[in-house]
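Input: structures, listed below.
Here come two complexes built around chain A, the first alongside chain B, the second alongside chain C.
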Partner chain A sequence: MSPALAIARREGGELLCSPRGLAWLLAAAGVLSGFALLLVGSTELGLLDNAQVVYDMAGLTIALGALLALVSGVDAVAGERERGALLPLLATASPRRSIVLGRLGGQALAWSAMLAISAPYLWAVGSTGQNLGAALLGLLLFGTPVALAAGAAAMALGARLRSARAALLASLIALLLVASPLLLGPSLRQSAIGQGFDAVNPFSGATNALDAMVIDGQGLAAQGWHLALVLAWWGLAYAAALRALRPPRRPGEEIVA
Partner chain B sequence: MMQDRIPAAAAFAPDAVARTGPAATKDPRPPSSAGPGKQAAGTGILPPLLLAIEGLRVRRAARPVLRDVRLHVARGEVCGLLGPNGAGKTTTILAALGLLVPETGRVRLFGEDPLTAPDALRARLGLVPEGDGLTEWMTAGDYLQHWALLQGRPLGPEEAAALLDEVGLAPPPRLPAARFSQGMRRRLAVARALVASPELLILDEPTNGLDPRGRRQLLELLRGLARRRGVGVLLCTHLLEDVARICDTIAVLVEGRTVAEGALGELVGRAGSQRFRLRLDGPLPAEALARGSPLPMRVVHQAADEIAVELEPGATPATVWRTLLFSGWPICEARAEGGGLEAFYLALTEPGPVHPPQPAEAASQAANDAGPVS
Partner chain C sequence: MKASVPLAVLALLATLGPAVPRLAWAAPSAAPPASAPLKVGLAPDPANPAAPRMGDRMSFHTTLRNPASAPVGGVMAWLTILRVDAGHEEAIDLEDWSANKALTIPAMAPGGEARSDWTLRLISPGTYRVLVSAATRAAPVPAVGASETFAVAPKPVVESRRVLPVALGLPLALGGLLALRLTMAKGDDDA
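Now for the complex of A and B:
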């Protein structure tokens, strides 16, 4: 087994075996349950059509998945550094690329768990399965790069900032800013600023693709730009994480402060 | 079983230096730095250096943290790295691992620059940092197997159990590490460092949290690794008793400078004589205090059941006590009275003016002034 796979397996175990990881998954399930009850039980929200409800639930799943990956990313570098686990890891023979890939593999497992948890909710709110296939495909293709980009960016921030708390706060603020398309009203999104923001924002890319696939019933072939956008952000975040964990080059530069 | 995984002890020798002939000038170590009995008789060959640091200077946020650090660890040698809090011991370790870029100076790990060396080089190194950094939900055996994969040397369950046995964690606990006591955590951290059969072990306060028996067991393990398998050990600690018990050489850091480096016995012996109080449970033999004794000691005080003696610089107390016992001295207890490593350390680290560099230090300073060499 390669070091990257070993690290990914350990990260996955951390999520599924440690009380902290299980608590995160339970919390995510709780949020999805609350939102599903709101969608189904509220008189006003109950008027939304089936596709719109599935789209909203899928958007929330991406946000929660990105949050989970972000927390995991902060913990993977800044948290491990504070617990004294990063130093022995960097002193092993594992290449830095394997360490970053392994961590991202763990975040991919966390996102997979998130997808698995969200599937029954998507099925339930979509009137027993309508639009479920399109939503799951959209989440897989567009949600995965967004969640992994959040995780990788959090790793990069965790390596740059001195404490895990500072890294977590900075990452959460960044996530709120980037995920703002989920909160913006339609009129603001159609302004020039909103359209420019939409054109480059990874969350916009993912939610617009979901919108097109689930609500408008468009095919996957029409989502090329959205796919390129989310993949570009993933690539950028991965490069940033790799750069943050590379061996130091300038005098005084270090990773394990 | 563990022996099977040990690489050929003599595989590495890039820094082996002959003391004879012109090559003698290339040896960066001070004359006393070879461990006792390490220099092969007649050949003048020193054990190969696993870690060599010369004239290391490091700045952090424009503040000099290391000013001139010199450190050498040879194969089969236990080197104690001493110094007050904030002296730069951990920074030195980071530089040795290639996790920090020095301003100037030369770091060689197994003869290579750790900043540019291939990743596989680090498999030859075992590290026990101050914090355990264990994976809390894993059992000890699973954790070691996981770590062995990271080092590129997979480990079977039986080998993991043998390694745990070696550090005193037998039978392997089936609990997750989160439920380990502090001592068990330290032992597991040591086992983790040994997982790839390292040639060089770097340990930062490894005996923290260990009970007296565990501490002794760990120190004996380290000494055994050095003696039997030729592992070089760099032991960073504040416990002078541990250093006195197992170290062959020491390096003392004060305010980012190496103020002393060399063989423990020679440095401490050179620093002054050692005074001991011997408790007696009977009268001394008639000829005990006759003049002309060949023993390297003198009696400074004598009472009915107690006698104070001062050993000459360089004398080994254990050898003297053995000789005295054979001569019929009824010694039932020997207690050090000042002197020794503690007095040497306290004298070096006493707050005050910066210690003048030793001759070797001055040479290394001159090399630094000539420009970066790393």
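Now for the complex of A and C:
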């Protein structure tokens, strides 16, 4: 078994089978349940179109998946460093690329669990069923790069910052900023700043693609720019994580020093 | 013997006389209550959707006019929404439908007019008619303005019977799995 696969299995197993990982998934399910119960409990929300509700639920799923990957990414580097577990891993013969890929593989497994959890919620709120396929496809194609980019960027931050707490705080603030399209609808982002932000923000790319596919019923073929945007950010974040965890060029430069 | 019991009751009441209080409903009023001397005009907003459906908003404009030669005081106007589908006739609870439920006008001069707007949020499908009634302090029988009927089309919205099992069941299942995992971990530690 390749080192990357072995690390991914261990990481994914910890995320999905450990009490801590299960507690995270339970918390994510609790958030989705809260939103779903608000929809049936509030007359105002209950009058939203099915397509709008499915879009909102899909956006929430991406945010939760990104949050899960982000916490996992910070913990995978900064947390392990503080627990003294990172140095033994870096000292092995495993290439750094395998270590990064392995960690990202574990986050991908966690994101898969998030997708699996969100599917029944999407089915439950999308009573007509006409938007369900588009939402699941959108989540898979656009949510996966966003969640994994968040995880990789958090690993890079965890390696750069000396404290796990600082890395977590910085990551959460960054996530709050990039996930702002969830709170500010497209009509509130029509200024030059808003449009510029939308043009480069991966979260905007994912939510705008979901908006087009789920609410407007556009095809996937029309979402090329959005797909390119989220994939570019995924690649950038991966490169940043790889660079942050590169082997030391000089003695004492290692991130665990 | 049996017939003597009612007679005895009547005799007892007769002896009590004024000590028995007179019930309010037992005394019919001599004159019917006065009708409000008002004219109520009700018109839909031209911007209302031509084919409204659930979730849309509609506005209606009311003109209250006092055509009498005397001023009127204590004018009260209120909104009523009636569902008029056959077999489903009912007066709608305004709670979710409108924040504008009623208004008061302290006084209206002879020939005076007052305008008001009523905005509705269309909550349920069906055929409806909007009424605005106006009465005064001295004339409680309202003058009424009525709209044409309009149909509210349904749209697919969240169904609670699909949401509740998922929203409650999934966290319960995950919580059960977590509890099982914690129990197993505790068992391993004890061993």
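For this structure, a couple of remarks:
To be clear about the criterion, the second predicted complex is superposed on the first by the 248 of 257 C-alpha atoms of A that agree within 3 Å, B and C clash if a C-alpha of one lies under 4 Å from a C-alpha of the other, contacts with A are read in each partner's own complex, and residues count from 1 in each chain.
One rule holds for everything that comes next: a contact is a pair of C-beta atoms (placed from the backbone, for glycine too) under 8 Å apart; a residue touches a chain by one contact, two chains touch by 3 or more.
This is a predicted model, so every value here is computed, not measured.
When the two structures are aligned on the shared chain, A:V53 is found in touch with chain C, with no touch to chain B. Judged by the touch definition given at the top, the superposed model places A:A228 against neither chain B nor chain C.
Once the two complexes are laid over each other on the shared chain, residue contacts for A:A239 go to neither chain B nor chain C. Look at A:L177: by the touch rule set out above, it reaches neither chain B nor chain C.
Of the two partner chains placed around the shared chain by superposition, neither chain B nor chain C is touched by A:A199. In the overlay built on the shared chain, the residue A:L26 is in contact with chain C alone; chain B does not reach it. By the touch criterion defined above, A:C17 reaches both chain B and chain C. Contacts of A:A124 after superposition on the shared chain: chain C is touched, whereas chain B is not.
Legend: residue contacts after superposition of the two complexes on their common chain; A:L37 is shown touching chain C, with no touch to chain B. Within chain A, the residues touched by chain B in the first complex and by chain C in the second are 17-18.
Note for the complex: chain C touches chain A at residues 54-55, 96, 121, 123, 155-160, 162-168, 170-171, 174-175, 177-178, 181-182, 185. Of all residues in chain A, those touching chain C in their complex are 17-19, 22-23, 25-26, 29-30, 32-33, 36-37, 39-40, 43, 45-50, 53, 117, 120-121, 123-125, 127-128.
The residues of chain B lying in touch with chain A in their complex are 58-61, 94, 97-103, 115, 119-123, 125, 127-138, 146-147, 149-152, 154, 189, 192-193, 196. Those residues of chain A lying in contact with chain B across their complex are 1-3, 6-7, 9-10, 13-14, 17-18, 80, 83-95, 247-256.
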